[in-house]
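Reading through the structure tokens given below for one structure.
The first chain written gets the first letter, and so on, giving A, B, C and D; residue counts start at 1 in each chain.
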Amino acid sequence: MIEHTTEVPVRWSDVDPAGVVFYPRFFEWYDLGCELLFASLGLPWPEAFPRYDIVGVPIVESGSKFVSPARYGDVLTIRSKVAWVREKTFRMEHEISVGSRLCSTGFEVRAWVGRPEVARRDAPRPADSGGSGRAAPGSVRPDVRPDVPGLSPALFARIAPLASGRRSTVRTITRVALVGLLAALIAAPAAAQTVKIGFITTLSGPQGIIGEHMKNSVELALDHLGRKVGGLDVEMIYGDDQVKPDVGKQLADEMLKKHKVHFVSGVIWSNVMLAVAPTVTSAGTFMIGTNAGPHELAGKMCHELFFTTSWQNDQTPEAMGKYMQDQNITDVYAMAPNYAAGKDMISGFKRYFKNKVVAEVYTQLGQQDYQAEISQIRAANPKAVFVFYPGGMGIQFLKQYAQAGLRGQIPLYSVYTVDEISLPAVKEAALGQFETRYWSPDLKNEANQKYVGEFRKKYGKAPVFYGAQSYDGIMLIDAAIRAVKGDLTNKKDMIAAMRRADYKSTRGPYKYNVNHFPIENFYLLKAVQNPDGEFAMQIQRTVFENHKDAYSAECPMKW
Amino acid sequence: MTVTVALVLEQTLNGLQYGVMLFLMAAGLTLVFGIMNFVNLAHGSLYMVGAYLATAFAAWSGSFVLGAALALPATLLVGIVVEVVALRTLYERDHLDQVLATFGLILFFNELIAIIWGRAAIYTSLPPFLGGHIRVLPGVPYPAYRAGIILVGVTVAVLLWVLVTRTRLGMRIRAGASNRTMVSALGVNIRLLYTLVFGLGAALAGLAGAMAGPIYSVQPGMGEAILIQVFVVIVIGGIGSIRGAMVGAIVVGMADTLGRAFLKPMLATVISPPAADKAGPALASMLIYLLMAAVLFFRPEGLFPARGRS
Amino acid sequence: MAETLLTVRGLSKRFGGLLASDQVDLDVVRGETHAIIGPNGAGKTTLLGQLAGDLRPDAGAIRFAGRDVTRFDAPLRSRLGLARSFQITSIFRDFSALDNVALAVQAHRGGNFRFWRSARDERALREPARVVLESVGLGARAGVLAAHLAHGEQRQLEIAMALATEPRLLLLDEPVAGMGLDESQQMVRFLGALKRRITIVLVEHDMDAVFSLADRISVMVYGRIIATGTPPEVRSNAEVRRAYLGEDATP
Amino acid sequence: MAISRRTIVLGVAGLLLALVPPIAALTNQPFYVDLFRRMMIFAIAAVSLDLILGYGGMVSFGHAAYLGIGAYAVGIPAFHGIDNGFLQWGLAIVASALTALVIGAISLRTSGVYFIMITLAFAQMLYYLGISLETYGGDNGMRLAARSKFGGPIDLHQPMVFYYVVLAILVLFLVLGGRLVESRFGMVIRAAKSNEPRARAIGFSPFRYKLTAFVIAGSAGGLAGALLANQTEYLTPEFMHWTRSGEIMFMVILGGMGTLFGPVIGAIVLLLLEDVLSALTAHWQIVLGPILVLVVLFAKHGLVGLLRVTPRDG
């Protein structure tokens, strides 16, 4: 779509005594943005209006939302674009930000107002003009009417050169061209639009296996949608963040500025998500998270353009806490790696587990040998052990726990430790292990059975929740684009569509919380061995129904 | 949590076992380092190759011992091929170039393994006959497999000691450690000696990998997780000295294990328990680095510097 | 008796079982050229190392120009005017000949914490260096990379570097070792001229060079000095002949 | 004379880098401004490491520690609402200088591989310290609320302005570095690298000068860290991980040790290689690994060495 960016320093005259911009100034800047956009199309108002006998493009309706204050000395970036063009009016949308910090979003609906007598005299009258009498100044010219919605290819072909700015043809084109031009340049791309989706995950290194599952699930989703998302051709751009936040941010910048993607999705790790999400949303693009759910994004950093198809990090341990509380287990020995997610897990567990926690032990990130900790557990002889050990750490802990003979003596409960990636590597060492999760391969709903079945057929192994979340992410985007009939510029309606989450999710139907985190069920799963010898996780019971995360209250968004 | 004598003894045993594990890795590294003055970051990759090969052979042959036995010569072969192809020309170069070249090898091996076996960790299990527990202490069952590791580690130490001190090859190795140029001047086919020593180092790493397979996670990149700790061991022990590697391994093994087990309770007696809860884990993970800095401060060449002032 | 510049008392140094210096006493008079000879492995280089401050003696004391320098390290002794050359040529191979000598001048000028002005443009360093280079006959080779100098030229460069520090005592460790006949004669001629200006301790195997340069000679065997005297005295000393020519030394 | 040739090359390099933003604006590819700015920031870190690695022969395997310190010197004040640029960057330089002084004083007592290992150890200690700093996000790291503020025209939120600030600092470092390595101070550390026993024999006691060089390199690394924090607007202890130190070392070696422009070229080539290769295949490391080995085997003096015709003078 047509877009134009300009930069304006905030001058002393724009601010009130407190140094904060006086709000009406934003409307002047919107007007400036609109004017410069026209100029960028080779139609500066002072020159275009007399040439096409246009009095002006007065504002019929305007509004603005103020997100954060701009101050004296800031340099504002004003991004203006034409949202749509109708018979008599067209809508401009603006965003004003300081660097990457959004200050305000606004819109103007403007009308064409032509000068009546002069126009009739020398303007060639298109066949279907059907003039409806004199257009009083201020009223709109009935004959200035391209056929709605798109423009006839012939007329478009004639004025297309204008877009490339060749001066010679301008004088011969009539006033109709002015309207036709805008409509054509706006409408045309929408028709042949390809939706670009950037997907950031980890593809190299040991954790690359998770990224592989996510990428496979996205590709499977595209197969199920006939390689079209929301009816539009789709271009996927994958990025390998190498588990580094600054690489993740650089990928996001590349996708936003170089590839100009419409959606960014994926991201496994909380620290990468905290670097990527704000970058994407402040650039006015949708961020559809498919794994990491740090509490900051569920709380004060929630954003209307951020949705996740996974969960908030604390919800899964909360479910385990509730289950163990309901079973009135006490004397629990809690363990996790010594990093932010580890602490989140244990605090989430204790939010619902009120009985006695014998000990809270944090081990070194990436530790291999847990024999010392296992001896401590045996000495403490607790009634149950609750752990969080993702990836390689989990495999090592489970093996060593079983090898130390504790598997039979002290029941082990865990979160994000036993999954379809680690299970094949530990097998019987995890038999009988309890985990809580929002999803499981054996969840009985039509979408999930299709996903699990097709994934197994195409990739020859069981899918894992990282994949299910990514599959849902694509489906969510598809539903949103379908709801706005392919008009990717209509973010307002896409947000509304996404909030309804009316797509067939692998977890079954769910609703969104105010902070765009799912309100969903959580189940207790157990590692069992199927008759055919394969180890799998099976749902035992539902722990939470429509469980909300604990941070949504902090989110300022209300809808 | 009461700190009973049995617990202290058990943790000491754990420390010993972890030390022996580190020694298996450190022996090969310090040998290559001492003889050829060669910094081999890819030693961790040979450890990984050993673990993968042992698991594959064990699955194919059905017996863990056979698997490990086959993995040794295979890793030896891989080591020799790598030495001849890439590393042979680097002995004269300075440590910086060796670090860069061997880091390139790490990247290569990790991706190669990921391509052949896939990125996910592969399944390994304890050998059935070592699956049980032995009553080392009353009331404290100790995993038989880990006792096995101690046994293997000690045997390897003794064999290495015999090889280095009692055999002709060992004499050349010790001479090479103290003065490389002199050894080559005396007509020893130094090129063959280097290849043999590198192969021996690779075999030792392969053995360590085979032993580690069942208890650690066998996945691409497993070598790097232990690499830094092994370097700490050989630096504390004194580069090039087998004795140094043994002592260094036990010291680091003990310090790391006992630190993780008792540092927090000990700290809690000195500072407030919540502060100890916070400081304990962080300090425990820094412990071996503090240890190394302290040792180097007092003995800049490690505890048993094998290298003469060449 | 002229003032003694260097006095060594009871100097001993042990490497494991080997006693490299065994209670060595030595006096070097200012202005003299004192040679130290002895069979290979007699401990000459170890003695020189202790005098220069590279090796720390196990026992004994070294006094230089009236000060006890036993505890001083090599850089400090050098700054006190005790310069040395090495048995195995040791120069700054990737610097030009002139740079090598200029560095020696700079070491003694001090003021090394200067970060802006290029050292190669400072006349105060380059001129004295060029003069010393000329004096050893390497004037024409100033710009050549040290690594590219011939073996003999590198030995001359080492001496030039020592001289550039304006030393009061020069420790020379086998200056003519590995040189061709005419090269060593040229070096001996050079040292002959030098010995008038500066006190020299000369460790050397080439007897022609020793007897043509040395005012006094000390003979060292198995870490001990068994005789000191003028060249004729030492030549006729039975003890020396037995040590040098084996048991049945006939006069 | 070498100096003029160096000024010419400096001028050309500066010009080329200065042209990137206008070209990016013309081709409507603003992304390349960010990409090249990130490369220049790592080039600054590489040049600072080259001072002690290439010229001083001190193989510090923990130089990323100063990147981390510099980044947190911006992040922590910003967290408490202080986003004055001069204060933050000043703190970055001072804090990393002090850390370098402590680490250097202990490490420089050792040499060879022991020096490599002890510098690595200190950096890992700071890495684990960073992970346990819960108030500042620990392992998750921390968002930088706003980029350093300097007032007036220098507003880092403007991609172009920030780009030219970084370019100016890089050029400044190259000029200062060029002078420093030729100065009396530079000659001492280069002599100590070339032949330490000989340097001691002619009267230098190199420890003080090597330590000073270590501190200078550390503080420069700290400034690079401050720039990196502003570039990514996000900081994590992972900046200090030993693999990051390895990356900076590779840039110096790849480009050419003991030259000023080597590290700049090394930084650009390595980061471009990573960016391009990772876009091509998920198994990009199987290509990068052997490339590193080949560079070590055949390009002894790094890429600059390949370009330079005359042998490198002292």
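Throughout what follows, a contact is a pair of C-beta atoms (placed from the backbone, for glycine too) under 8 Å apart; a residue touches a chain by one contact, two chains touch by 3 or more.
Note that the structure is a prediction, hence the values are computed from the model and not measured.
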| item | value |
| --- | --- |
| Closest chain to the centre of mass proxy, which here is the mean CA position | D |
| Computed distance of Cα centres, chain B from chain A, in Å | 46 |
| Distance between the centres, which are taken as Cα means, of chain C and chain B, whole angstrom | 48 |
| Rounded Å distance, chain A centre to chain D centre (Cα mean) | 35 |
| Centroid distance [mean C-alpha coordinates] between chain D and chain B, Å | 32 |
| Per-residue overlap in chain D, given as positions that touch at least 2 other chains | 128, 131-132, 134, 283, 285 |
| Touching two or more other chains - residues of chain A | 204-205, 208, 212, 338, 364-365 |
| Overlap residues in chain B, where contacts from two or more other chains coincide | 110-111, 114, 281-282, 285 |
| Pairwise chain contacts, counting only pairs that touch as defined | A-B, A-D, B-D, C-D |
| Complex interface listing, chain B residues touching chain D | 33, 39, 86, 89-90, 93, 95-97, 99-101, 103-112, 114-115, 228, 231-232, 235, 239, 278-279, 281-282, 285-286, 289-290, 292-293, 296-297, 300-302 |
| Residues of chain C that touch chain D when the two form their complex | 52, 54, 73-76, 78-79, 83-84, 86, 90-96, 99, 103-104, 106-108, 111-120, 122, 145, 161-162, 164-165 |
| Chain A contact footprint on chain D (complex, rising order) | 29-32, 34-35, 38, 128, 131-132, 134, 137-141, 143, 146-147, 151-152, 155-158, 228, 231-234, 236, 238-239, 278, 282-285 |
| Partner chain B, residues of chain D touching it in the complex | 53, 59, 61, 106, 109-114, 116-118, 120-122, 124-125, 128-129, 131-132, 134, 242, 246, 249-250, 253, 257, 283, 285-286, 288-293, 295-297 |
| Residue ranges of chain A in contact with chain D within the complex | 7, 73-75, 98-101, 203-205, 208, 211-212, 240, 242, 244-246, 249-250, 253-254, 256-258, 270-271, 274-275, 278-279, 294, 338-341, 343, 364-365 |
